[in-house]
Amino acid sequence: MVTTRSLEDLDAHSYQDYVAGGQGLVLIPTGATEQHGPHLPLGVDAMLSRAVCAAAAEELGALVAPAFSYGYKSQPRSGGGNHRPGTASLSGQALVLQTQDVVLEFFRHGIRRIVVVNGHYENYQFLYEGLDLAVRQARSLGLDDSRAMLLSYWDFVDEQALEAVFPDGFLGWDVEHGGVLETALMLHLHPDKVDMSRAPAHPPAELTPYDIFPEDPARTPSSGCLSSPTGATAERGELLLSTVRSGIVRAVTSEFGK
Amino acid sequence: MVTTRSLEDLDAHSYQDYVAGGQGLVLIPTGATEQHGPHLPLGVDAMLSRAVCAAAAEELGALVAPAFSYGYKSQPRSGGGNHRPGTASLSGQALVLQTQDVVLEFFRHGIRRIVVVNGHYENYQFLYEGLDLAVRQARSLGLDDSRAMLLSYWDFVDEQALEAVFPDGFLGWDVEHGGVLETALMLHLHPDKVDMSRAPAHPPAELTPYDIFPEDPARTPSSGCLSSPTGATAERGELLLSTVRSGIVRAVTSEFGK
Amino acid sequence: MVTTRSLEDLDAHSYQDYVAGGQGLVLIPTGATEQHGPHLPLGVDAMLSRAVCAAAAEELGALVAPAFSYGYKSQPRSGGGNHRPGTASLSGQALVLQTQDVVLEFFRHGIRRIVVVNGHYENYQFLYEGLDLAVRQARSLGLDDSRAMLLSYWDFVDEQALEAVFPDGFLGWDVEHGGVLETALMLHLHPDKVDMSRAPAHPPAELTPYDIFPEDPARTPSSGCLSSPTGATAERGELLLSTVRSGIVRAVTSEFGK
Amino acid sequence: MVTTRSLEDLDAHSYQDYVAGGQGLVLIPTGATEQHGPHLPLGVDAMLSRAVCAAAAEELGALVAPAFSYGYKSQPRSGGGNHRPGTASLSGQALVLQTQDVVLEFFRHGIRRIVVVNGHYENYQFLYEGLDLAVRQARSLGLDDSRAMLLSYWDFVDEQALEAVFPDGFLGWDVEHGGVLETALMLHLHPDKVDMSRAPAHPPAELTPYDIFPEDPARTPSSGCLSSPTGATAERGELLLSTVRSGIVRAVTSEFGK
Amino acid sequence: MVTTRSLEDLDAHSYQDYVAGGQGLVLIPTGATEQHGPHLPLGVDAMLSRAVCAAAAEELGALVAPAFSYGYKSQPRSGGGNHRPGTASLSGQALVLQTQDVVLEFFRHGIRRIVVVNGHYENYQFLYEGLDLAVRQARSLGLDDSRAMLLSYWDFVDEQALEAVFPDGFLGWDVEHGGVLETALMLHLHPDKVDMSRAPAHPPAELTPYDIFPEDPARTPSSGCLSSPTGATAERGELLLSTVRSGIVRAVTSEFGK
Amino acid sequence: MVTTRSLEDLDAHSYQDYVAGGQGLVLIPTGATEQHGPHLPLGVDAMLSRAVCAAAAEELGALVAPAFSYGYKSQPRSGGGNHRPGTASLSGQALVLQTQDVVLEFFRHGIRRIVVVNGHYENYQFLYEGLDLAVRQARSLGLDDSRAMLLSYWDFVDEQALEAVFPDGFLGWDVEHGGVLETALMLHLHPDKVDMSRAPAHPPAELTPYDIFPEDPARTPSSGCLSSPTGATAERGELLLSTVRSGIVRAVTSEFGK
């Protein structure tokens, strides 16, 4: 039995034993290096996807791979935009290749079940493309039973949790960048990395139903948040994490078995 | 004055005159070759984005470029999945390069305002990446005042239209593949290409909040539609088109001026 | 039996039936968005390859895929050059990837015989590369009996047709850009898109046996045509189309069987 | 003044203030996910380059960017080979693009001095290529004063430290994979992640002066170490870190000023 | 004054002096590694483009860069096809990148006039793309006066030479692979590398006006030649070389000045 | 039996016979176009790897493929840097693709044993990546017994030879660019291409243990040599070649059999 769920902390011989069991499952957290307002650190997205993976791995008997710390370009309609200082992003092709390469490596080791857990909205389609290419390539190399899942953790927040966390009504995922969800999770998981005294209190951003190029910095709040994190508490973060964890555990178990 | 809004029908000398006016605006419709159930043709997405562009171009004095007839891989959660016969898709990189190349060409001609009108959900992020790269490259070549917009036409369907089109309640965009929206628009625009006698009547697909690789064909209805198009009428299609057209015209005018 | 030869107008279920017959044949027309002088529209190349495919498909029982509306960069020695307004081209890599992706998709559906019909001289080598890569990739995925053809439609104009269309002598394919061949075909197929009153009457371009970079706009006629279309008639267009169609039908039948 | 040297722990507004000072310096640690024998964890390379960066950043007033946790393929002559379980590597192109993208982003923010600190031998040439491309691209975008350094931390271990750490003689860097150097540093920095009871005691690997494809697992010790870590102590690790830190601080100061 | 026209034989300091003169001209020969029948060596294409460059360089005061020894895939309609043993080709992308990189390097040195001399039909479009990209990139780096030419040497064989070399009538360039032209040039330039006793005497290949994938080896003569080299003599080779050389010298002088 | 060891001088039919023997072995020399000081030509690296291959091929019964005449960017710490006139380099991706393509072609012919002989330090990792990708691709195409080696020729200079060539002590490979090793080999192999009267006599370069971007030309001697070639003689070159040849022959025989 492995002594840690963190793949980077595990030695290769123990990993080999784990894989040899035939039921190996690897979770890959993906995030971004992206501004999240004045009260949250730049690494929020990777921190949260890492924490979600760690929580689910415990129940699933899975290993958590090193996180993707850089993500696809931040977009104004979901993350404030890529023009802001601190946001350091990958091109689409870099993210696709990284995903394809890493996933194929775990398949090569003998891991047959992989879950990529996304923590940065803009990543999703490029992670999808990388996974699709990896699975095709695995097939062309004879690794035919290789399977994978892709999910964004917030898609496992259910109605009940939404109501509890947003008693005054949920404004929609699009303005949740640097808002209550991420702040609450951070207050629960990394309270020392949150400075609520700097949290902005402006009204939610009014987003256009389109994007413009080059971006117009005036479109989104200068705080970098798309809505105010007021209302975020550690308790609500704990509830969110618990909801997401159990949802993911259920989904993975249902797809890949125990 | 140009005699047609369709760029492929225009001769180069008239186009040059149009560009020389300094107020040139080009709309690029993008679609896919993708199954849309037994009652709709494979080319729906390009047909609809082309029609939306044509309608908006009339009011905007714009030209409509040849459509992108192939799009990014269909995904089960928005389009039925790429495994189905008839769906013929591009890799992410192919779509990014095509977008980057074509947009940069119009900038090179002297067009300074471009709108990419998306008609296939899965395209969006790859169109975004292509536009971002084109605008950066334009800047490195000294074409500093080049600007572009990107939109998906259904993001301009407003609440009022939703209520009129879905009197029993709107089920959400994710199950609209081959459903009421696309069918109504086709009934209005290309009634001869719709066969309502083949329209499926099954309940809406229950989508998972994640993707799996390789896809599982059993997850989505075998019809290829994610919800039933029952309720689609030409009148509702006309209303949808009119709403979308005026929304896009307002947005483009507001961004790029008259 | 399918009710249309146009793949974009066909529904997926009928397409699946067609493929299931085991004798499926798909024709892919490829063109360009390229200036063709003051009397022809920018979309000539795709219009003509589409028309050639439609004509051949009728006799071959084939389907016609959506055309590639954008092609490789126009070159002065065959098309007037890429510097001219209205010419909106792809990089080589974009065209290679698009070809590779689309062809592989039809192979994946179960189509085993594909013909790419080129309508823009400069495309040929990039289509060739895309086809070569698609066929290799198909093999690595176990689709070993996948076969394809590549042709440019004018290579099926025979001596007899040349003599009939060019009674004063044929000047060679290299100066046929915007000249008699394309104009005659357009007069036959799309007379409303040709304005013979604007057709230039200058002598044929004197082409250098080499290319220069960057292009020199002064090298080719400012009309954008490499020779005068005078002499083009709808009757000659009809003869050309008929010759090309029967040549292609013979070739495809001979390679792929009935 | 920033309150942390860790960029992922810093908020964007504080980062912006830091950049605005005009003397910003960013260190990027790069590692790998690679087997390091039975006594060390898979994440050694990123852990060590991160620690080296943190130590140097303190003295330099620099920020440490999120580490590259995945590196180029492990090679038998420096790392045991890529065939071993646990080693999850990137292709060359993925690493080049990631480096180019991330470096260019920091230049875009206004950071003009970047140091990439390598912790995995096989990465070097791909990091070099990424940096070279980023600096060229920066220049084409007008960011002409952007400068960067690239180093592998062990190149700052001097003769004196070598003698102290290897009293019986240094065997050469090529067999140091999973050996005394990395183990000593880990004992100093992360003693809880080292299990000396599992440390192999075999003689150093006899490396061929060439590589073979596909790799031959029998060439290198089955432990995954290229030499025995016996002799590694936390004290020696502390000495190594101190030597490397002061060497890097001297080099960076000499190149980029205080 | 340089003591050799061969760049690989020149030292860097003399090259620098040459460039500093401001009138530097570099010729880049490109070929292939491709079967040319039983009587000619695999390296014919590079040998001939190298010889053409050497001859022209003498008159032009130019330098000859190292040849591209590998070319794009051989095609049945111009070179026998890529399936034959001995033909070792590059993908399109590899040739494009090589051309772009090398041309840009000479521009960077201060060379402002480059001629790429093609000796393998199938290369042309990929060389064109590489040159186009290099010239664009040069412009984005401020090297605005960089100019280049691209030519295939046989396009400088004039009518008079054709009549002298083919007294019984010229069959067309398409069947000249391994035929009279290349054999005559080799007999003049490298008689020791030609074995006329092995020269095939079969009639010219009957080429189809299309390509098929995968290639059908039965389509072209098993000799690997597309026509018989009978009739090739060293004298005719000398005449061909002289014609080509003076044609190229005239063209380059006319474009780039003395 | 083949009459030449040089693949470019061999005809395809003789090559096919050679391959059919089942014991075919191909050596691929790789070099660079790179400044080597005032006394050596730009093509040294390819000349020397070619000569090493020729010498080894004689004993091994192998064929020598056309050399890669262009290599990866010269770096200050091993070659003087890429900023110097005369150095014309490839990007990493261009070199990777060229290697992958060419190696796969020989595998396709039926060659099962390939040795890439490197003559330019900076190439190694990109050649490695190209070989790794080629061998994977070969496997996905069913060519499972394809094997390859990669080596840099100087890694076969043994202690005894070093002592004989550097009686005053060896300074290390890193400063050997344009120094005694390469000069001695050239004096033995191509005395007419060496001008010892121009050989610089400065002390060896003091190299930094890091790289900077953009390069600083002041860091390395303006001669372009990293150490003085004084001491190079044809006799020492002969000894070096002989040592390298027999080392490589032993290694190849030991890996691939006789």
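Which chain is which? They are A, B, C, D, E and F, in the order written, and residues in each are numbered from 1.
Simple rule for what comes next: contacts are C-beta pairs under 8 Å (C-beta built on N, C-alpha and C of every residue); 3 or more make two chains touch, one makes a residue touch a chain.
Note that the structure is predicted; figures quoted are calculated from it, not measured.
S.K.: By the touch criterion stated at the start, how many steps lie between subunit B and subunit E on the shortest route?
M.R.: Minimal hop count between subunit B and subunit E: 1.
S.K.: Would you mind checking the shortest number of contact hops between subunit B and subunit D?
M.R.: Between subunit B and subunit D, the shortest chain-hopping route counts 1.
S.K.: Roughly how far apart in rotation are subunit C and subunit F when fitted on CA atoms, stated in degrees to the nearest 5?
M.R.: Between subunit C and subunit F, the superposition angle is 120 degrees.
S.K.: Determine, using the mean of C-alpha atoms as each chain's centre, which chain is farthest from subunit B.
M.R.: F
S.K.: For subunit A versus subunit E, what separation do you get between their C-alpha means, in angstrom?
M.R.: Chain centres of subunit A and subunit E, defined by C-alpha means, are spaced 54 Å apart.
S.K.: Just curious, how far off is subunit F from subunit A if you go by their C-alpha centres, in Å?
M.R.: 46
S.K.: Could you please state the distance in Å, as a whole number, between where the Cα atoms of subunit D are centred and where those of subunit F are centred?
M.R.: 29
S.K.: Mind pulling the subunit B residues that touch 2 or more other chains?
M.R.: 91, 93, 139-140
S.K.: Of all possible chain pairs, which ones touch?
M.R.: A-B, A-C, A-D, A-F, B-C, B-D, B-E, C-E, C-F, D-E, D-F, E-F
S.K.: Taking the touch rule as given, give the residues of subunit B at its contact with subunit A in the complex, in rising order.
M.R.: Answer in residue numbers: 72-73, 75, 82, 91-93, 96, 122, 124-126, 128-129, 131-135, 139, 147-151, 155-156, 208-214, 247, 251, 255.
S.K.: Flag every residue of subunit B that touches subunit E in the complex, lowest number first.
M.R.: Against subunit E, subunit B makes touches at 137, 140-141.
S.K.: Looking at the complex, which residues from subunit B come into contact with subunit D?
M.R.: Touch list, subunit B to subunit D: 136, 139-140.
S.K.: Using the touch definition from the top, list the residues of subunit A that touch subunit D in their complex.
M.R.: Against subunit D, subunit A makes touches at 7-16, 19, 33, 35-43, 46-47, 65-70, 84-91, 93-94, 97-98, 100-102, 105-106, 109-110, 193, 195, 198, 224.
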